[in-house]
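The data blocks that follow each hold one structure.
Each of the next two complexes has chain A plus one other chain: chain B in the first, chain C in the second.
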Partner chain A sequence: MLTKDTVLPRLIEIITPFNRAGTDLNAKTTFATDLELDSLTVMDLTAEIEDEYDMLIPVNMLPDLETIGDVADAVVKIKNA
Partner chain B sequence: MTACIMYLWQARHFCVTDVQSEADPVRIVSDESRSQDAQDIDFMGTDQVSEVREPTPTASGIVRRLADFDTLGDALDYAADGACGLNFFDARAANPRVQSYKALQSDARAHALRLIAMGAKPGDRVALIAETGPEFVATFFGCIYAGVLPVPLPLPTSFGGRESYVSQISNQLNSCDPMLAIAPPALTEFVAQATAHMDGVDVLGWDSFEALPAPAADLPRPSPDDIAYLQYSSGSTRFPHGVEVTHRALLANLNGHAVGVGLADEDRVISWLPYYHDMGLVGCLLSPIANQVSADYLATEDFARRPLSWLSLISRHDGTTLSYSPTFGYDICTRRISSQTRAGDRFDLSRWRVAGNGADMIRPSVMEQFARTFAPAGFNPGAFMPSYGLAEATLAVTMSRPGDGIEVDEVDETRLGGQGASADGAEAGAGRTRRLVNCGYALPGMEIEIRDHDDIVLSEGEIGRVLTRGPSIMTGYFRDPEATAACLRDGWLDTGDMGYLKGGAIYIVGRAKDMIIINGKNHWPQDIEWGVEQLPHFKAGDIAAFAITTSDGEERPAVLVQCRTSDLAERARLIATIRDRIKTMTGMSCVVELVPARSLPLTSSGKLSRSKARKMYLSGDIQPLDIAA
Partner chain C sequence: MPDLFDKFQPLIDQYEGLMASGLRDPFHLQMDEILSPTRAVVNGREIILVGTYNYMGMTFDPDVIEAGQKALAEFGAGTTGSRVLNGTFQGHAECEAALRDFYDMEHAMVFSTGYQANLGLMSAIAGRGDYIVLDADSHASIYDGCAMGNADIVRFKHNDVADLEKRLKRIPDGAGVLVVLEGVYSMVGDIAPLKEMVAVAKAAGAMIAVDEAHAMGFFGEHGRGVFEQAGVEDDVDFVVGTFSKSVGTVGGFIVSNHPKFEVLRFVARPYVYTASLPPAVVACSAASIRKLKYAHNKRAHLWEASRHLHKSLREAGFTLGTETAESAIIAVKMPDQETSAKMWTALIEEGVYVNMVPPQATPGLHLLRCSLCADHTSAQVEEIIARFKRAAATAGLPLKA
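Our next item is the complex of A and B:
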């Protein structure tokens, strides 16, 4: 059973190489404004996260994933579904 | 759900070691190794794979007709007599869901009866969230058979942005005023939110629509001059324009497309382009149907995650390939393949006959890099086929000749000056040139004129406004006579683009006056300016948004904002707020500069002149204010 406590640090590790702006990474960090990721980079990152957790993030979930914490919640929700 | 069923084509595996690219240290794992890692997992979003199915064949078995039909419904009826169809591959470019044209015809006819039973009358609109899948296509053609206008609308694309997605489709729904909106079941909630303020718009998922009864009825018989569908890929997000495309205009364009590519027996279309964009809908869905060609698809979001799947799909096909992309699609593939991976070991692109370029400014350096990177995989640079088009002309206006590849004209920057479309003027110096791409020759029946600002027709080589006339021009924007009159006069469509003719071929200097195009997505400066105006202390006319072009032809948005405060810290804070706001709206990082009050130039009619503001900014005639360190 995955929990947000274990997923969040691993997500931050995965996101670190994408963090060219050197932003502080935590649950509240937003992809668009804090990390300044363009949509193509976001999709690249999505693929990394999906492969890490052997899952697919459905398209209807994407619009509500504003922060790293939101993604951690989504991963937990999908994996434990 | 069972584990991944091995599909025939999948047997051809590519072995890749995980390698780190020098060019792009972010990339660690390549796409193909990703798909191998995930080969046996069961992942969400895949439809039930109950059986392994062969994709539809390349040969139709019927006599080829090049879109010479009266209506789009007739075109599908003819294609349904043959063996071709559409194949929707999953995220790993495997396990296609197969939709033969025969099956599509039968599903679409049942859908037409459902719409008629719901009270749909010819000319009514039905909005469809344009997911890459057989449900969308069957519903689109159900509308066509019922004489109803399907209106493809976009999917959400990225992390975050629920609000902007809902507001985008809400504006489009307002504009097309549909009786019904049908969407992937998972997205009906967004559509319901977007239609909450509208009266009498039903929102259904594909599944609940399909469950409705389909009582027998007579299908209407549309005339070639009836509108077939509305296309919303043009116009701003906030003030969308629905392009009206008639059956006649569409089929003329699809005939031109087939003639332009010199359609061959072994050709197959392979595409990841979204159906809500004209190149994806017209070029990669309606064209194969009207010309009896099979097509293979990857969903756009799957391409965005694993772009090299596109090239895998092309490699596997035994015949010749027609596949199109904006510049960024070629760019992302070049970047994604690691410098240590030999493209020749993984891909066979030798039968890629037409690698179409269009939908944004074509950047020769990106295409050359792609051709170099994939030369070991047999990619022939002669396959590149630049084209020029716009939704208002259904799709293509010009196409270059198959086999010619990218032909470049080196033009002195000084010649491009003053056209609102020069390269980065801040760096422009004497002798600097820009490389412009030959976008080809007018399709059969289409004419092109280059005119100056007084409507005087210019001669070859002179840069001016690009106008076009011919059978595939739209009848107008849906319920918007004012916007229609602004670009359509005496049968001539003012494209809003600047360019010149040379040897009968068109060279585009700048796209759509003020439009900002980044990674194939159009951003209208009005939308960006409006977003900034919503912040406290700003008003209309304080903001000018435009694109600046870097020396390698890449576009980036810039925003000048008139500012009245002299407090340096306050200025820095304003810039951060504006940048965040624009980033949230558009997903783009942009250059934000504060400029003195009343420094933005106006046109003679008192409106903001973006092109003048841009020119003055680049030349240093508008100086940004200092901000806090």
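Our next item is the complex of A and C:
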């Protein structure tokens, strides 16, 4: 079973190379405002997270994933479904 | 209260900046006269049209015009109704028959635009718990159709067969899946490896839709599209198309051999809740489709013109979107937005119209897009090349040695 405690630090590792603004990365960091990711970068980042967990994060789910914590919750939920 | 337009301010600023630089406005050009599929008058001057998607030059075909005039006189200016109410006339049925014959398929459904055909298919065919798997570079109408429906939407990297396969493997067992592909991608005019992609999608048990908007009329033995050329006709469940390019009118369609296809007429909302095409439009379209079937000379000429323009622009040092002419779209890459606007203006001054692709449509790319027409003469193509070279000098666009 994956838990948010293990997923969150791994997500932060994956997101670090995308953090060009040097923002503090934690569960509350937002992708749009804090990280200022454009749509192409979001696609690359999503693909990396999907590969890490061998899963799909559908495009229609993205608007609900505002923070790194939201993604961690989604990964745990989908993988344990 | 905030002004609801505030969110558009960056775009308004960008546009006003472009206009303040004294360049022409690429997005509000007015064609005062259309002399032929390849010539128009703008501001009292004749220009060559090299960005119309009028691939087969059918807009002024005498048989097409005659069919339209007859229908206009006999059936009136409009239908004032939905396809499922009072808006299906003899011409709509005839148009669907022409499509069934052209594609050699059992079913054809004519929509008011290609945009709506994609909206209708994507939003209706896949429901909650189903998946639509689409190329990341898919046309806006495919994305919008997905957004209208309730399926889960999964993207794969543009034209990447391995990425498509990887994503299909991750879909939970038991979910319905539609894979959406395009024959020709309209931004740079590259074609999809349909043989490999269709094989991978079939192996995963998915249904397959191919949008052949930019390929109808000149790919494959019968001009059906890239899916015909790739030899995958029997494995494709739906072909989506438009009348607004090779057919030379306006409208959209889906053709299919699926035995239950006709139910889409009740469930595709963009088919039901809008008025049908005017009688003249369906009559012109049917006449055009019937002629496209036999337009072998036009097809050959279009390919020759496309290859020649591609080769010559490349040799002149322009940076193009593809290594070779894969379709009738030749995209010229610009280094930045400003040079792109300058080059576009210089081309208009020289008397050449191409599309300046808005940067929102191709993040990270600045493109001037040419599309050829079967009616472009060899002399016109030479003229286009010469004008491109002069425009590059005027616009200060560096060319490769």
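Assorted remarks:
Keep this in mind: the second predicted complex is superposed on the first by the 81 of 81 C-alpha atoms of A that agree within 3 Å, B and C clash if a C-alpha of one lies under 4 Å from a C-alpha of the other, contacts with A are read in each partner's own complex, and residues count from 1 in each chain.
Going forward, a contact is a pair of C-beta atoms (placed from the backbone, for glycine too) under 8 Å apart; a residue touches a chain by one contact, two chains touch by 3 or more.
Please read all numbers here as calculations on a predicted model, not as lab measurements.
With chain A as the common reference for superposition, the partners chain B and chain C occupy clashing space.
Annotation for chain A, partner touching more residues between chain B and chain C: B. When the shared chain is aligned, chain B and chain C each come close enough to touch A:Asp54.
Using the contact criterion defined above for the overlaid structures, shared-chain residue A:Met43 touches chain B and also reaches chain C. None of the stretches 146-154, 236-244, 560-568 or 578-586 of chain B clash with chain C in the superposition except 146-154. The residues of chain A shared by its contacts with chain B and with chain C are 38-40, 43, 47, 50, 54-56, 58-60. Those residues of chain A that touch chain B in the shared complex are 17-18, 30-33, 36-40, 42-44, 46-48, 50-51, 54-56, 58-60, 62-66, 71, 78. Those residues of chain A that touch chain C in the complex are listed here as 38-40, 43, 47, 50, 54-56, 58-61. If you check the complex, the residues on chain C that touch chain A are 131, 136, 146-147, 151-155, 157, 167, 170-171, 363-364. The touching residues of chain B, when paired with chain A in their complex, are 25-26, 28-29, 31, 34, 37-38, 41, 43-46, 91, 155-162, 165, 184, 186-187, 189-190, 301, 304-306, 328, 332, 519, 521, 580, 583-584, 587-589.
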